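Okay, so subunit A shows up in both of these, paired with subunit B first and subunit C after.
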Partner chain A sequence: MKSLDPRVNRLPQTGSANTTPKVPLDQFGTFQVFVQPKANKPFQHEGIVHAPNLEMAYVLAKEAFTRRFTCVSIYVAETRNIHVSVLTEGDDDAYDHVSEAAQEGKKASYEIFHMFKRGKQHQHVGTVEATNPNEALWLASKQLRTEKQVFNIWAIRTSDIRFTNQEDLDLWLTLPEKKFRDAAAYKGGEKLKTFLDASKK
Partner chain B sequence: MYGGGNTFEGIKPDEHTGEDPIQLAEFEARIDRGEKIEPSDWMPKLYRKQLIRMIEQHAHSEIIGALPEGTWITRAPGFKRKMALMAKVQDEVGHGQLLYSAAETLGKSREEMIDDLINGRSKYSNIFNYPTFTWADCCFISWLVDAGAIVNQLANAKGSYGPYCRALDRICAEESFHLKYGHHCVIYLASGTQKQRDMFQEALNRWWPPMMHFFGPSDKISVHTEILMKWKVKMGSNDDMRNQFLDMYVPKIWELGFTIPDPNLKKDTETGRWMYTEPDWEEFKRVINGDGPCNKERLEVRRIAEERGRWVREALRTPKTAYLTPLA
Partner chain C sequence: MNHEAIKELLYKMADDQLILGHRNSEWTGFGPLLEEDIAFSSMAQDKIGHSLALYTILNDLGEQDPDTTAFTRTADQFHNTVFTELPNAEYDFSLIRHFLYDTAEALRFEMLGQSSFEPLAQLATKVRGELRYHTMHANIWVKQLGTATKESISRLQQSLEFALPYALGIFEPSPYESDLINDGIFEGEKALEEKWKKKVESLITQTQLQLPKWETITPHYGGRIGNHTEHLQPLLDEMSEVFNIDPTAEW
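Right, the complex of A and B next:
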């Protein structure tokens, strides 16, 4: 391989012409990422990352989702720990499909998220104390349901979430200072005007 | 940035028949109401297949597209330009990850997609098979290839598939600085020395034909594209996208005193459409099928990265986490 880029020319040759297909295990788990954009705003779902564990998921989520826009905090949870209600449409409310669930096991707190509009991200709406995810949804329908229609509900046990530590909250304080990532930092108008005026003469 | 003019796979005549008529009617009614389709909803097989193909191509384009610009980071003129270009390239790779995740919600894993890219089974935007000889080539990409991509992405963000639209909203927001940065770079070259102006003019001459290819061949309206448009997978014809791009950017290029290497390029004032020399579609086909100046290098760089990173992935892998299709 001969490239214009000297760094490409320096790459070691790895031998095989074809990469062998990945073994099925070469596949990390998936984790859902939640971001809090401002101090008084709720956390909302932002997307997913692939990672070998919760801690790495947190690190990767920080790179992927909080590199650009100001935010105050994030957290992550593994996909399999998210309990999902039915997804509804039209004027059908997801809570109308939640039925009473019995108490089984120890009490724990669950974080509840609502999807208020199809196509929009899930938003954190509150916490309930329940013994299992089904009961958490049932209690949410009693405590957190408002007049606003909900299309989908998620429940995550609080202890399954990797939160941001109190002492790490300053991670995002410098974001607004990174002006080179801001469209407003590229004002070419003045230069363009001088150039156009000069070329008219 | 993004490879526009998706090459949709030819649809076989019977491929979109045989779906349950009631479910299909509900699905189409939901799209007509302007509601998004979410991963757990029922969807026609053809919808799923074409969406995976489109989002996957888009993701690969972000990853491969980082290479021709990334090569200029160490040689960018000055610290400010280096910072900006580094941030931009980092964004593009991040966009690739967002898009792989969106495609995954439809049932194809990220690792399968990477396999298909490396082994030449998946496509990416053809424009990245051309080399960036000078800094001006890099500026052309930052300004005009990104501009073309944004035209496409803004249209696609109004599509019907929820996870793809959400990824695109985020991508478009992040890209607002890319375009401004690219234009800024070109203004500086235009108002610089004669040598700098010549450098950009030469880059423009080199990149104009692939830029016209970027939006894909003229699409003949057929029953098949009609169904993809109806399902809001394809949001506009390739010609419409190309016309919109020319409308927005040709005046800006002319304003800077550069010449576009097409004597037939002009706007028909009656129809409002741009007229131009028909791009060389034979070359487009040849390059997309592997015979471009950089196809081999692009895939080889990606393959070496994959192999060199293998030990890291293996060291991190643990049976304690399980791969699950992402939720949204």
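Right, the complex of A and C next:
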């Protein structure tokens, strides 16, 4: 196989009788990305990136999820490090399914996220000090539960999160100026109207 | 303040950004993974933005408007270093170029933060966040692939050795070096080159890549005075294709 596109030439040969083991790293794991849209707003879950490790996930998440709109900071965590409660619907509150959990081992801090509406992003609501994820959910039900119904709860050990360093906060410095990345900023409709009005005269 | 000296500095910086921005944008839709495709395209867009800011300063100094400057010159009128116009080939080369070039660019703007030429000092402050991301992105990729597998290491090594003579061409001395230094506009290509070498060394030593001895590399000069490879004119033709359909159109 010879192509001008080097990627085509790297494709495996077809029709071979021999089996070959699947190479490691041909598929990346996933990482969850959280974005803080404004300084006084909580972090919210924004989406997923594929990456070989936490550092690369952070770097790729920055452009994948903060190219447009406003952002002051992001953080990422590997998907497997997110501890998820039961998902509820109707009048059923996820916290009603959280049962008391025993303390085992050393305390660590956990970040707690609530899903306030089905289909909406999880929002950061606070931090608890627990010895394991189940205890973190239990403590969250005591400390962070409010009147507002919650459909799903996430707990992530703080030390499993790759936060934005203080000196990297200027990564988003010029973002508000990048209106050209937003289709609405081109005001296509307005321009068309002006053009049509002018051609009527 | 010597305006000819400032213009020479602005032109080479702006042309570098425009040409490399365009080259890197050729990866849009072809990146090795979706997330990287987006990131690399965004950074290419940033570079075009930097070139616009620099051409705007040139315009204020009496040069043509940015679009005319960007789209109507021929290859021999461009001052970009040859390094920026080389075709992309494979991603390993584009990554190495991104690392070597952006390291220099970030350092240049850092130095220009103290420039006595106010518009450049202001621009340097404004773009520092973007450049921080560009170098962070480049460093993490080179560290990753420079330590990952036998193939990734050998491919990066090959690209590094191919790229270095061209990379040193970034620092082609200008006829105005002493004017720029004496007027406090810019510390000069030599000073930049020394800082750049240190940065490159410190990153490469964190990988399994081997950096050849600097004195064994002959810099590829000429781009700054309009001596380009056969690759530049086709790039310019493609870049200005839409502009040239109707140069007076309002967008």
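Quick note on the criterion: the second predicted complex is superposed on the first by the 156 of 201 C-alpha atoms of A that agree within 3 Å, B and C clash if a C-alpha of one lies under 4 Å from a C-alpha of the other, contacts with A are read in each partner's own complex, and residues count from 1 in each chain.
Methods note: a contact is a pair of C-beta atoms (placed from the backbone, for glycine too) under 8 Å apart; a residue touches a chain by one contact, two chains touch by 3 or more.
The model shown is predicted, which means the values in this text are computed figures rather than measured ones.
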### Query
Just subunit B (first), just subunit C (second), both, or neither: which does A:Lys62 touch?
second
### Query
Looking at the overlay, what does A:Leu171 touch: subunit B (first), subunit C (second), both, or neither?
second
### Task
Using the superposition on chain A described above, determine whether A:Lys142 touches subunit B (first), subunit C (second), both, or neither.
neither
### First (subunit B), second (subunit C), both or neither touched by A:Phe28
both
### Message
Looking at A:Arg118 after the superposition, I want to know if it touches subunit B, subunit C, both of them or none. Which is it: first, second, both, neither?
### Response
first
### Query
Among the partners subunit B and subunit C, which is in contact with a greater number of residues of subunit A?
B
### Message
Taking the superposition on A as described, I'd like to know which of subunit B and subunit C A:Ile82 touches: first, second, both or neither.
### Response
first
### Query
In the superposed arrangement, does A:Val8 touch subunit B (first), subunit C (second), both or neither?
first
### Task
In the overlay, answer first, second, both or neither for which of subunit B and subunit C A:Lys107 touches.
neither
### Query
Where does A:Ala51 make contact in the superposed view: on subunit B (first), on subunit C (second), on both, or on neither?
both
### Query
For subunit A, which residues belong to both interfaces, subunit B and subunit C?
7, 25, 28, 49-53, 56, 63-64, 67, 181
### Query
Of all residues in subunit C, which touch subunit A in the complex?
30, 33-36, 38-39, 42-43, 45, 89-90, 126-130, 132-133, 136-137, 140-141, 144, 148-149
### Task
Could you pull out which subunit A residues touch subunit B in their complex?
1, 3-5, 7-8, 11-12, 14, 16, 18-19, 21-22, 25-30, 32, 45-53, 56, 63-64, 67-69, 78-80, 82, 84, 87, 89, 118-122, 152, 154, 178, 180-183, 185-188, 191-192, 194-196, 199
### Task
Would you pull the subunit B residues touching subunit A in the complex into a rising list?
30, 35-36, 38, 40-41, 71, 74, 80, 83-84, 87, 90-91, 94, 97-98, 101, 104, 109-112, 114-115, 118-119, 131-133, 162, 165-167, 170, 173-174, 176-177, 179-181, 183-184, 187-188, 190-191, 255-257, 296-297, 300-301, 303-304, 306-308, 313-314, 316-328
### Query
Can you list the subunit A residues touching subunit C in their complex?
6-7, 25, 28, 49-53, 55-56, 59-64, 67, 168, 170-174, 181
